[in-house]
Amino acid sequence: MPGNSFGKIFRVTTFGESHGPLVGVVIDGVPAGLPISEDDINYELFFRRPGGFFVSPRRELDKARIVSGVFNGKSTGAPITIIVENVDVDSRYYESIKYTPRPGHADLPYIFRYGFDNWDYRGGGRASGRETVARVIAGAIAKKLLMLLNTQIAGCIESLGWIRIDREITFLDALKSRCRKTRACREDYDSIFQNVLETIINEGDSIGAIVRVVVDGVPKGLGEPVFDKLKADLAKAIMSIPGVIGFELGIGFEATRKRGSEVSDELVVINNEIRWKHNFYGGILGGISTGEQIVFKCAFKPTSSIRKPIKTIDLRTLEEAMITVEGRHDPCIGIRGVAVVEAMTAITLVDHAMRSGLIPSTKLSQKDVEIIENGWKRYRSLCQHGEESP
Amino acid sequence: MPGNSFGKIFRVTTFGESHGPLVGVVIDGVPAGLPISEDDINYELFFRRPGGFFVSPRRELDKARIVSGVFNGKSTGAPITIIVENVDVDSRYYESIKYTPRPGHADLPYIFRYGFDNWDYRGGGRASGRETVARVIAGAIAKKLLMLLNTQIAGCIESLGWIRIDREITFLDALKSRCRKTRACREDYDSIFQNVLETIINEGDSIGAIVRVVVDGVPKGLGEPVFDKLKADLAKAIMSIPGVIGFELGIGFEATRKRGSEVSDELVVINNEIRWKHNFYGGILGGISTGEQIVFKCAFKPTSSIRKPIKTIDLRTLEEAMITVEGRHDPCIGIRGVAVVEAMTAITLVDHAMRSGLIPSTKLSQKDVEIIENGWKRYRSLCQHGEESP
Amino acid sequence: MPGNSFGKIFRVTTFGESHGPLVGVVIDGVPAGLPISEDDINYELFFRRPGGFFVSPRRELDKARIVSGVFNGKSTGAPITIIVENVDVDSRYYESIKYTPRPGHADLPYIFRYGFDNWDYRGGGRASGRETVARVIAGAIAKKLLMLLNTQIAGCIESLGWIRIDREITFLDALKSRCRKTRACREDYDSIFQNVLETIINEGDSIGAIVRVVVDGVPKGLGEPVFDKLKADLAKAIMSIPGVIGFELGIGFEATRKRGSEVSDELVVINNEIRWKHNFYGGILGGISTGEQIVFKCAFKPTSSIRKPIKTIDLRTLEEAMITVEGRHDPCIGIRGVAVVEAMTAITLVDHAMRSGLIPSTKLSQKDVEIIENGWKRYRSLCQHGEESP
Amino acid sequence: MPGNSFGKIFRVTTFGESHGPLVGVVIDGVPAGLPISEDDINYELFFRRPGGFFVSPRRELDKARIVSGVFNGKSTGAPITIIVENVDVDSRYYESIKYTPRPGHADLPYIFRYGFDNWDYRGGGRASGRETVARVIAGAIAKKLLMLLNTQIAGCIESLGWIRIDREITFLDALKSRCRKTRACREDYDSIFQNVLETIINEGDSIGAIVRVVVDGVPKGLGEPVFDKLKADLAKAIMSIPGVIGFELGIGFEATRKRGSEVSDELVVINNEIRWKHNFYGGILGGISTGEQIVFKCAFKPTSSIRKPIKTIDLRTLEEAMITVEGRHDPCIGIRGVAVVEAMTAITLVDHAMRSGLIPSTKLSQKDVEIIENGWKRYRSLCQHGEESP
């Protein structure tokens, strides 16, 4: 049974392989009347392609093409399909390692599952991080829709390898990272991270990272009580991203060391509204949002593809072999990963907002559209990277 | 949109409130021919009710009653419904705190979502941990079905509060915890944990815990490639459990501190089979199982209900109030939680095994049944608690 | 993969066998705040049990018991579970025909699918019409919710065997059938139908029927454009009822004989509203409701169980055998069927109304509740059968 | 909530509008190893475009382009995306009728649902029959997969307007219709139908039709017991096709006129196998296949677009207006419709075969592939239309 779609009402289905002609996404459940331009999409795609030397030098000049569901610049209620062509694709290297699977990649699991003869060994095929282009596209539309509720998502790099930042990270810290090459959560760490990444690149190695997300303007009462708790669906969304192997809500594992009395929150009244004083549990209790900021972090493992030689097995002889993974790879997948984490967060929240009836799934009113357009303009103005328009 | 069911083929729907007449579960997708007895179910329910003083003294003598889907001791292919009556229920205390919501519980989020007038304030209502009885029931059937693949799940307490065990925990370590009062992963820690729990109880406090799970006998190639990755569905399953706020696959967050060359696995050939030497990433790559043991851990926060007074707000006046949570509560929800984590793991794996065609979803052959019965007998023999039969 | 649930937001899961301890239903997606009593449910269950000699003499004094999801008389947002005990069950007859499957029933298909050894041969097991008790229960709640939109559903018998009524059937005609023993769409046909049924009973035979449904007060714009067209989901809902083998929307098959110019509708303006003059296509165009009445009919085959001897095969010898189906059976399943058809229509419409955001799926306002209560009272006053209260 | 996908395991998601750049489909759940070529797809697309003057003169030289999921000519297990460009599109006519909705089309319902400002009025937009190109593409792959079970689907025109064929239609009759311009179920009716269609075209009118389907080689035990009965899912699949307003399984509505004793089937033993003598109920009992041929028919209304003037309302003034629907339209949509009905039948059966574990959803063995390729070659040889290759 395929697991290729995400969301119940706002429903995202992705397709395309790393070295096929294109990658794309069908987005169902977008209400009619939402202004959507290719420029909106390209704006967000930029953050998955920061362009510096810290990311894969494969020139993914990803340009979105809307091929269905938008008429006269607005969504019609029909499924929205957006594609990005794969350019600058070179599969020759992969021919040479066809029989020597990369130990840290999905090569062997795909062979186990689908059979060696049916395996698309070119650049990871469907398992490639390239698939996340489709997620960022859908995330751009999700982020726009969330403007209706004034809900904004910001992610950043909280830790890069052994460099840990022990100050609390606010929503603004995370938001400002959009203007930084390394997505560092603080200005002064941007250059520190750059130094680390240069070292790692020079060593032909890679490094792990922790991505922190803060969501501001969360509506109260979001999430379903039992299995589709907001924390559960967020965990699934984030853990479905290639390379993510850990998820913590609020204080997460730190709470396991504590007494209840140490991490028991208190209710307070601020501006006539009941609020939680500490927000220890990241804005979600019983699986349902409290209205406080949603705060979580996730763990990206180091890029599996490194220039250093790795021990593997030749499938033809079952004998030891060495490979050096050439191709073009990021020293730290977590950096591009921030954009993907933000996108999956947005998709999850829009879906739940629709499930709870807070965002209409059929059509937007004129007033809805104005709120969205204003919010979106503000959000985009925070980081004008100038790549989105020609 | 309800989020009250879990699984696509092996599909579990739970119902019932803490202080209603009963809790129960409808299990769809069980193939015909599986021997199921109330004794099987009660055997597993025992582990959610270890009976000692370390858990809530509410006497939940939970006895399962099968009311559909089983005929002559075997499943028929029809939905299986199993209920457990709520006995020993006393709602008086909750009347007294109806207007002073507990800050660490789902009280206020439920009020936000469903309205104060519709809120079942008795013992957490639907948000109560009592709902997990239904999960353990479904988990018992899932565990039996997994015997067909010789897949076994074992969970244990790896850390209790500040007590950390820094040795690697093997499958056998975890399995043997079933015979220990505190589910400690090692014999010598059982009494240490008991001492901690006694202290905590005396202080009227609670404590957090880390649950570690090891799955042995995992088939290769399990999991869907993109959104329904095995790691994503496991994360969702575990994070849907009340009190869980963190999930780590394999080395998890530790990987974020590392260079790729340090945590790059190697392939080796053992008994003519390709294997991973280190299994750093917990038996899952690209979202698909490698055949190595699946290893993960999760974080249980300290029980929110403690005897110590907590600051809250009176909903009628919006003024400060203090509550002392009486009721009957565990010093550490993680201990009972182990059974629930095991159950959700089993449900997820059976569902994926069916999605991949490894366990039939329509009917079992006679030979299938024999394999299952033998495996189940062996599994049960490991810890005979003698509670399941009268 | 189980097919035991219906609806996407208003989601109905049924369980229980004909000769098991009970049948029941879990209803997910009911918004909090809906007043629900066992009396409401029993009121609707009455129409599935008209009590006369025209239906099975098995005394199904079905009394609903609400076991979850309702607190202080109102829904809480939690799954609502309602059960009806099976009383007056006698399985002895079925033991005697265990090896001689009934040709018109699901006996052999179930054996093919689940295996002879796993087959619940008592009264059809899960395939029994008894399962439809659960549908009528869910339908009662769905009908109540539809009162919010002033949407009312009425079904009736349009044709009983060779007796055809060639006058147009209005919503009121259908509604009034609720007060008639045979659910005849016209007063004067009630006695004609009674005579036919008596003849059929005396002959030990059975007879087919056409059920006509008219839905009044349909909101405009209901239905999803492509696969989940309203006409498609209604067809599925109705065709999922035991014994139904045909479905026609509007003029249905009659249209196939016509020229487009004969059955081309016209738009007219009535009270400043655009309306269709003829409503040839039963209130649905392009899969979406037009706001005109939804009109469809469906075909019930004659009850398969008849007293006359039927030729079958003995499974042990593969030789011919004769059976006379004793048990207790309706001369025409279509009559009770009307209540089930109404229920499935209500479930489908509520689900689509929620999907389109016209009925909230999380909680009702106080004003919503008033509208519902008034509508429901009016609807119930049309036929006071006095069976619902003790 | 979107309704834009069909199937649970073999899952089809369509996209694209009549006058957009392309229409397409994402097909999830195709097992790895299935040989798929653009030629296979174009072969089936031909039957939706018989090319004669009996169908719309819009030159839909639909050529399929596979853009994901196929590598080296075989499926990889990844989602398969296939697109067809819209060429020869001219939207000018539709500009002129933007304010005068066509009464028999989905124009007004779409405006009700999505708002006039968001309505894609060009050629019906998403509601256009053009969307069914995507279904035929998915159907081609489904038909290929069904070859594994030796299951073949054949549809034909049983009645065209007032011309009724009262002989029983066998599987071969239906199959041979693939070689006839009008899809007539009998050779001698092909020219009669042609004459009728010429008359209708000359009159600027249209005509309805009944499509009959016979499925040969049906596996026993297909279908889920309760809501996802095979008859229910088939009804939904067929009723989701534009223009279909009736569905009958087996003898359908005819059964409503009958006594049970007249239409009670008998079991017989043929070649040591238990069979039904009459197959009155179209090969499905209790929602589960009996192994007999599945037989059903459906009603296509006359094409709504006719050259004759139709009365409508001007949306700007709410005054009467007349339109003559120019564009390019079929005299009888049922004829092209046969290909779409076959496709939806194939999709439904493959999905159920996968749900029952009869067709693997993960990967095919080499032997599976051989069986499929042989069956497919045989099936294609029945009607070589020579359009599929250049």
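Note that the chains take the letters A, B, C and D in the order they are written out, and that residue 1 is the start of every chain.
One rule holds for everything that comes next: contacts are C-beta pairs under 8 Å (C-beta built on N, C-alpha and C of every residue); 3 or more make two chains touch, one makes a residue touch a chain.
Not measured: the values here are computed from a predicted model.
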**Q.** Over-half contact-pair match to A-B, picked out of the listed pairs A-D, C-D or A-C
**A.** C-D
Q) When the contacting C-beta pairs are counted for B-C and for B-D, which pair yields the higher total? A) B-C
Q: Using mean C-alpha positions as chain centres, tell me how far chain C is from chain D in Å, no decimals.
A: 28
Q | Whole-Å separation of chain centres (CA-atom averages), chain B against chain D | A | 46
Q) Approximately how many whole Å separate the CA-defined centres of chain B and chain C? A) 39
Q: Scan chain A for residues touching two or more other chains and write them down.
A: 1-2, 4-5, 8-9, 14, 77-78, 110, 113-114, 126, 221, 225, 355-356, 361-362
Q: Would you tell me which residues of chain A are touching chain C in their complex?
A: 1, 8, 77-78, 221, 225, 355-357, 360-362
Q.
Can you tell me which positions in chain B touch chain A when the two form their complex?
A. 1-6, 8-9, 14, 101, 103-106, 108-110, 112-114, 124, 126-127, 131, 159, 161-162, 200, 203, 205-210, 220-221, 223-229, 231-240, 242, 245-253, 255-269, 272, 274, 276, 281-282, 284-291, 299-304, 306, 308, 310-313, 315, 318-319, 334, 355-356
Q | Sites on chain A touched by chain D in the complex | A | 1-2, 4-5, 8-9, 11, 13-17, 20-24, 26, 28-29, 32-33, 67-69, 71, 74-81, 110, 113-115, 117-120, 122, 125-126, 354, 361-363
